[in-house]
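There are two complexes below, and they share subunit A, which is joined by subunit B in the first and by subunit C in the second.
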Partner chain A sequence: MNPDRFLGLDPTPGDLRAADEVTKVLRSCVVALSEGRRRVEHTARPDGLWQGAHAAAIVDTLTAYAGRLRALEDAVVDFLQAWQQWRHGIAGRQDETAALVEAVTQLVDGPVDSADPRREALLRQAGALRDRHQIAADQTGAAAEALIAATTVDQEGRDLPVDLQRGLLALEAAVEQWLAESAADLRHATETISSVTKLTAVVPQLVGVAPGSDASPEALRIAAAAPGSHRLITALHRGTPERPAEELSDASFASEVRAEGALADRVRGAPHAGDLEGETA
Partner chain B sequence: MTVLMAQVDIDVPPDFHEVPVDPSVEDRLLGQTAILDELSIADPAQREGLGWYLEALSRSVTAGAVVSTAFCAVRLGGTPSSATLTVAVHPAAAEDPLVFTTGAARALLTTGAYESVAQENLGRTLAVVARGRAIGDDGLTYSQDVTVVVPVAGHRLAVVVSLSTTDLAHVATYEAVVRDAAASARVLT
Partner chain C sequence: MASTSQPFGIAGELEQLSGGFAILEAALAGLSSSLHGLDVQDTGPEDVVATFAEAMERLERILENIGSQAADAATVMRRFARDQPVGAFHEDGGDAR
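On to the complex of A and B.
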């Protein structure tokens, strides 16, 4: 179909396939913006990691950034809706153009008469259709202008990257200072914990609950300096038979035990632990 | 059971037996006897050996930043299970929790002793959660460790709680214990 040939103009130009491609791109933009905004909001959430005085400026900047992303997302959604309306309108109007071309074709098949009032009427309809198409195009253009305005950085507004960088640098400086003052102490504390843990781990072995029959060098070292060292070293070397599970109590911190206990309490009619909250002795 | 250490207090499940570290020998002996009774250890030789070891351990714990160590010997999932829980108090030169946990996470990372180090929000406090494991002579994992470091709100203090278990089937359960314990850290008034 070539509307120019029959109507002298194409009243409804538009590439539907290209319009669909634009729709696809706009949708992916909305998804990306939404996902990015949600990530920023998640990072700056009240129960997140950014707590304390140094975090406040960073959270404030991230919140403002999330707000800008939200505004941009809304603007793209608005434009997408306008674009989809435009695309839907193109299809309908191009159908009307096809009908007009068909009608003119019927006239051409008959005797050619450029002054045929029926032809004049069809051409007027084509002109009106072109005007409607142009109005729709202008509306879409206005929506595009609104999108451009939303994406334009306000030079007078907050410079979020600079604010974020300032907050992060302040945090970094405070962390560096903390590391200089306290890191060695913390590392020493964890090393000491590790040594004590190895020593304490011998106790469950002596109870017969943990694997390990050979006395550890650390345990023998403290045994050598302890009261009753000879008997203790003998005991450490002797090893302990494995203790049967039946001789041990169920762990109170196992979730399944908590559940069973609560159920058992209710079967017996005993008050549940949660029921006692708020009671005083 | 509540573990008392200096002026800081944390809540630990009652299954964990705190190694007595009282300055008085009599008090330590009473505490050691109570543990032996709670564990229903009847064999005289085993009682004696364990008693001597608890005493030797008490004398080793009191040095350095470690303020308490405890162990449990329980039935978990129908099988014997044990873990140790060790607590240290560390002066933290920062009241800002983010500064503290970021610094502490970096400090622990540089030790190379942990497989993973992460900053987390435990609900009541920010924390650093570090996980590591010990490999046995056979090349297999022998024990799993979870260390949680938390700042004590309103004080220039941090608490380090470390749990180690050879029960690899219940690491998640024990991790919940150490997280809860660390999150409960508070200064006694």
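On to the complex of A and C.
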């Protein structure tokens, strides 16, 4: 069908296959932005590991960064919706164009008369159709302008790429600050608690080498008072899979290896320093 | 020992942070070339397709930007994790590093 030939114009230009390709790519963009944004949000979730005063700056910067990604994602979704509407409209209006071409063709098959009022009426319909198509195109163009704006500046009118970069630099600074203030506390607390026999339930949880076990109320009490307490409590409450029984060695009096460490400590269940080192190396 | 559980401990938390940005970067990878390959010239009237093209170009550029920044952030967080004296442990006992 060549509308130009019969109507003197193509009232509804638009390649459906090209439009479908744009839809496909835009959907991929939305999925990718959503997946990436949700991953960043997951890291900063309220029940996550980044808790406490020292980690507040990290959570704040992650949340702000995820917010910027969300705004961009919303802008792409808005444009995608406008684009899908445009694509759907093209198909309907091109059907109307086809019907007009068909009607003109029927006239051409008869006596050719440029002053034929029926032909003029069909051309007027084609003009009106072109105007409707143009209005829809302009609306989609406005949606494209909105997307251009959303990919250029953020909601506060600041340059978006620069703003995103600043957000990540702020995150790096917050992590460095956290390492300086909090990590040392946690290391210190771990070393201190490792010398307390009654907290043997805590140490394996912290270093992650032992099966999960319910911490005693006393362990929780001491952990609550320790530096980096929220982190210790998180570790205490963490459920871990049980180690398969077959990994445990069989008890035997025939062993030639003599156990080291004070007998009293071993009876109480205190791990010998060498035990932990061996497991965590 | 290979492990599929979430790492924890100081370095483990940094590894998780790094992983978040690595996933963001991976999710965006390839989109730039898809957007770059789009031909919108025939998708509508001549006077608006230029705007469509510009929107796609801007989107391509910002996604490329975010992907590249996320890759950098993942590298920095991984470096922080690597510099930690305490390792990144898994809940089931595996060392994450």
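As a working rule, the second predicted complex is superposed on the first by the 149 of 281 C-alpha atoms of A that agree within 3 Å, B and C clash if a C-alpha of one lies under 4 Å from a C-alpha of the other, contacts with A are read in each partner's own complex, and residues count from 1 in each chain.
The rule is short, and it goes like this: contacts are C-beta pairs under 8 Å (C-beta built on N, C-alpha and C of every residue); 3 or more make two chains touch, one makes a residue touch a chain.
The model shown is predicted, which means the values in this text are computed figures rather than measured ones.
J.: Check whether A:121 is in contact with subunit B, with subunit C, with both or with neither, and answer first, second, both or neither.
T.: Neither partner.
J.: Go through the superposed model and pick first if A:151 touches only subunit B, second if only subunit C, both, or neither.
T.: So A:151 only meets subunit C here.
J.: Touching A:135, do we find subunit B (first), subunit C (second), both, or neither?
T.: neither
J.: State whether A:98 touches subunit B only (first), subunit C only (second), both chains, or neither.
T.: The answer is neither, since A:98 touches no partner chain.
J.: In the overlaid three-chain picture, which partner chain does A:174 touch, first (subunit B) or second (subunit C), both, or neither?
T.: Only subunit B is touched by A:174; subunit C is not.
J.: Output check: A:50 vs subunit B and subunit C. Expected answer is one of first, second, both, neither. What do you get?
T.: Both partners, subunit B and subunit C.
J.: So which positions on subunit A get touched by both subunit B and subunit C?
T.: The answer is residues 49-50, 171, 175, 179, 183, 186-187, 190, 206-210, 212, 235, 238, 240, 243 of subunit A.
J.: So in the complex, which bits of subunit A are touching subunit B?
T.: Touch list, subunit A to subunit B: 47-55, 171, 174-175, 177-179, 181-183, 185-194, 196-197, 199-204, 206-212, 219, 222-223, 225-229, 231-232, 234-236, 238, 240, 242-256.
J.: Quick one: in the complex, what on subunit A touches subunit C?
T.: My answer: residues 13-15, 18-19, 21-22, 25, 28-29, 31-33, 35-37, 39-40, 42-43, 49-50, 69, 72, 76, 79, 86, 90, 133-134, 137-138, 140-141, 144-145, 147-148, 151-152, 160-161, 164-165, 168, 171-172, 175-176, 179, 183, 186-187, 190, 206-210, 212, 235, 238, 240-241, 243, 279-280.
J.: Which residues of subunit B touch subunit A once you look at their complex with the stated criterion?
T.: It comes out as residues 13-15, 19, 39-41, 45-46, 48-50, 52-57, 59-61, 63-66, 69-84, 86, 88, 90-104, 106-108, 110-111, 113, 119-121, 123, 126, 143, 145, 147, 149, 158, 160, 162, 164, 166, 170, 173, 176-177.
J.: Within their complex, state which residues of subunit C touch subunit A.
T.: Going through subunit C, the ones touching subunit A are 5, 8-10, 13-14, 16-17, 19-21, 23-25, 27-28, 31, 34-35, 38-48, 51-52, 54-56, 58-59, 61-63, 65-66, 69-70, 72-73, 76-77, 80, 84-87, 89-93, 95.
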